[in-house]
Amino acid sequence: MEVTAAAVPTTDRSFYDEVLGATAQGDRLKLCLQCGMCTGICPHGFAMEYPPRALIAALRADDFEPVFESEEIWLCVSCFACTTVCPAQIPLTNGLMTRLKTEMLLKGKVPSELRTALENTRRYGNSLGESPRRRPAWASDLTTPVPIMAQAKEPIDVLWFVGDYASYHPRVQAVSRAMASIFQALEISFGILGPDENSDGDVQRLAGERGLFELLAQKNGRAFGKYEFNEVVTTDPHAYNVFKNEYPGAGFAFPVKHYTQFLAERLEQLKPLLRHEQKFKVAYHDPCAIGRANNNNIYEEPRQLLKAIPGLELIEMPHNRANTICCGGGGGGNWLDGFVWERAHTRTSEWRVKEALDAGAQILAVACPYETPRFEDAVKSMGHEGGLIVKDIAELLADAIADQGRDG
Amino acid sequence: MSKDVWVVVETLRGEVLEITYTMLAAGRGLADGLGGRLTAVLLGHNAVPLASTLGVADSVTYVDHAAVADFTPDAYQRTIAGLAKGAAPRAVLLGHSSMGMDVACGIGIELGTPVIAACQTLDVKAGKPRYVSLTCGGKVLAEGELPEPTCLVTMVPGGYKPQDGKKEGAPEVTRVAPPTALDDLKVRLKGYIEPEAGDVDITKESILASVGRGIQQRDNLKLAEELAATLGGVVSASRPVVDQGWLPTSRLVGKSGKSVKPRLYLALGISGAPEHAEGIRDAECIVAVNTDEKAPIFDFAQYGATVDVLKLLPVLTAKIKQAKGN
Amino acid sequence: MNIVVPIKFVPDLVEELEIDPSGVALERTYMRLIPSEQDEHALEQALLLKERYGGNLTVVTLDTGDVDETLFTAIAKGADRVVKVLGEGFAEGVNNHAASSVLQAALEGIPFDLILTGTQAADDLDGSTGPLLAARLGLPFVGYVTGVKQEDGGVVARKEYPGGLVAEMEVALPAVLGIQAAENPPRYVVTSLVMAAMKTAKIEEVEAGEADSSGAAEVARMYLPEPSERAEMIEGNVDHVADVLVTLLRERGLLA
């Protein structure tokens, strides 16, 4: 792994104070009982020499250099499991882990793939390093065009925030096209920002880049401010999380929903359109970012949508709702698979796939743009190609609507 | 105005480098088109034997001095500039290389002579010599006339077959004294360092699975390694992968790495910029996979596909295993 | 060791390149300009030398477009001074002969031992900035450098040749080195430090003197290559492509 040393180390007592002050209620860190619940629930806890409990102990003992040297703070995928179970309600993910990752960035201890993703975001407004002009290209071949806000001739009801991977990644572009067809089937007045859309900034924030997040928030906030709309709907759980919980602090507050909430509200209009049977056993994977993260707690709406699809049998996996298994993509994890593999020799995404297969699922339903490619990769790397299909709820709904001319 | 063309011979530790033959092929065509003479300019020490493959030229101008036994920018720049100043040839061809690029601009400024860089081909139209150069990673071409009365040109490989510029038999060798003093040089050669030994020699492999930026993460290298192993080959790489430290320099293909001549070269997630393309010109069969259909690599490959290389690799490996098993 | 790093901005190849209506230059309306990748390596190498040997590090660039962020980023990485050279017509593009003549004038009054710059840039058609600047300043130049260390009052530069062979060159100072790759990949700098630099640091501005662009050849035509002898493209999904490739390999006797 390529790392470069840069700034001078900063660990002294003031660093402990900085961690305490890093987020609201951060000083709850002082209440840590060293019970180890965080370590037990952490998906990579077994591979860490310093799992969350030990990190806090090291902080208190003012013995932090070895932790930075081991670089294993990057094993944290910001899944919020630790935060959810902590009996002292310490904001571990937003506070401790994020601040530690910032420190790693300041020390120049960044795995090269993550560095590239952050630099791409800075330069192009997306982590993939794609041209901003091509951000709406996924929609260019659709028979019914997707309106771009800057060119809209009428007021728009819903501003659909698409996101990086959903705009540029070939597998996830299919989900975007499915979502467009659902909006159109429901005759929703919607539009996208297109080239004016920048990454929402949540995973960059969780990877320690608060400054980059604030820059992106300013860009997106100003873009939103140019238009009139009633609410923002997003297919990206990380965008939902950060719009709801962080953008107001940056000066931009607006009504926001995850698409599953938006569609669940319109279930009565949606149901008659779901004409085509989807006879599958489907297990639903709860994304961390709309679920246990920050108590966003969107659990039932996605299930309502799935149950409304004729023929579909919804089964539950043992790790569901607040207890979900992270796909491994958060907090920088999406670019750290090599780093994680060298240390953990397991993938949380494979763990989840195994659980789905053991539960008897034919389809693993997801609602997050990282999850479709990550779980499909896991199915392949486990040698189960064809054994489990991964589909976004939007794709399953679009299949059920299945108009003759549906693109995607 | 002169009609003569000069080619500055590049040698390294007693061997003539291949770019020299590319330049001789280009220079021959240019000189013939202008009705002038083609002269190879050779600098060295006890290096007359190196003239033995320069037969495409009409003559060799040879400067022998200990200070130019090996290439160093200062000594070579002074010498070539000194020679050119008196003779003012129509064109002086140098390599667009670690040697040529060190001296071309210095000679140009000293003589007040224009420089054309990254030239791929030269020809004569209506009596006027013209250039075609590559720019912007090979995505854009620029062409025009060679400025009069003298012009320096740094040449990239690819526009000519080196064998067209190579001919046994030294043409008339004229030994001349160094045109300028070669003392008080500001750059001296301290020594050479061999590349890391103990790793694979990719120039000897007949099947290479080569990875570029499109492999995205170090973690994905093993996909290429599995494919290579299945085919009985090894993994090589373009510059971005080596710069990240994911593979050693010994695996680097291209201008600053190695030229390879495998039977099969799989370019996986490689864009095909000229610096890389230089290293694969002699590959028998190039198959390129890149999601960008405009990637220059497709100009060099025999076969191409725009599917995602990360998805293709495991599928291809599995199918090859199957095919070999039968 | 006082070091100057000139940075050149070049078209970003991520964007589609187009030829402008004149037919002899690139269309600049939608062109994104980014610092040349090898210049970023030159900056990294300069920072490493400053960390090892001390001294002042100055970054200079011509005002060809959106250059400020790069200059503030250089400050955040550890540069001491950043200088922007203003000139008429820079935004329309400057060839290297002109740029090097402007830099030569701008460097008067800035003491330095070493100038580090990328050994070449993506859009170099008239030679490269490094050797041109060296020639104008009457300084030695060594390019394709991948390592630098101080020795005996001068520096030893590692110069790369094909095949991975390296020549160690002893160079008398002051000198110009063309960097192919720094000893480490260019470091990451946290956005908040760049933002802080934007608030506290100052970009020095100087007016360019006369730019001498002679020495560049005229471009009669600039164009995008025709996809003539292109590869035979295999269409279809991953499965199909893999099948076609297996057949191909078998036919060529590569599956034996």
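Order as written gives the chain letters A, B and C; numbering starts at 1 within each chain.
Please note the rule applied: contacts are C-beta pairs under 8 Å (C-beta built on N, C-alpha and C of every residue); 3 or more make two chains touch, one makes a residue touch a chain.
Computed from a predicted model, the values in this text were never measured in an experiment.
Undergrad: Relative to subunit B, which chain has the most distant C-alpha mean position?
TA: It is A whose centre lies farthest from that of subunit B.
Undergrad: Could you tell me which pair, B-C or A-B, is linked by more C-beta pairs in contact?
TA: Result: the pair with more contacts is B-C.
Undergrad: Using the average of all C-alpha atoms in each chain as its centre, how far is it in Å between subunit A and subunit C?
TA: 36
Undergrad: Please tell me the distance, in whole Å, between the geometric centres of subunit A and subunit B computed from their C-alpha atoms.
TA: 46
Undergrad: With chain centres taken as the means of their Cα atoms, state the distance from subunit B to subunit C in Å.
TA: The computed centroid separation for subunit B versus subunit C comes out at 20 Å.
Undergrad: Quick one: which residues in subunit C touch 2 or more of the other chains?
TA: 16, 185
Undergrad: For subunit B, give me the residues that contact two or more of the other chains.
TA: Each of 244-245, 308 in subunit B touches at least two other chains.
Undergrad: Specify, in ascending order, the residues of subunit A that touch 2 or more different other chains.
TA: Residues 2, 112.
Undergrad: Hey, which residues of subunit A end up touching subunit B in the complex?
TA: Contacts found on subunit A: 1-2, 112-113, 170, 335, 337-339, 341, 380-381.
Undergrad: Where on subunit C does subunit B make contact in their complex?
TA: It comes out as residues 11, 13, 16-17, 19, 26, 119-120, 122-128, 131-132, 134-136, 139-144, 156, 158-172, 175, 178, 180-181, 185, 214-225, 227, 229-235, 237-239, 241-243, 245-246, 248-250, 252, 254-255.
Undergrad: So in the complex, the part of subunit B that touches subunit A is made up of which residues?
TA: Checking each residue of subunit B against subunit A gives 216-220, 244-246, 291, 308, 314.
Undergrad: In the complex of these two chains, what residues of subunit A are touching subunit C?
TA: So the residues of subunit A in touch with subunit C come to 2, 4, 6, 102, 105-106, 108, 110, 112, 115, 118-119, 122-124, 129-131, 133, 208-212, 214-215.
Undergrad: Can you tell me which positions in subunit B touch subunit C when the two form their complex?
TA: Of all residues in subunit B, those touching subunit C are 12-13, 17, 70-74, 97-98, 101-106, 108-110, 112-118, 130-131, 133, 135-147, 151, 154, 186-196, 203, 207, 231, 243-245, 249-250, 252, 255-259, 263-264, 285-288, 293-294, 296, 298-308, 311-312, 315-316, 319-320, 323-324.
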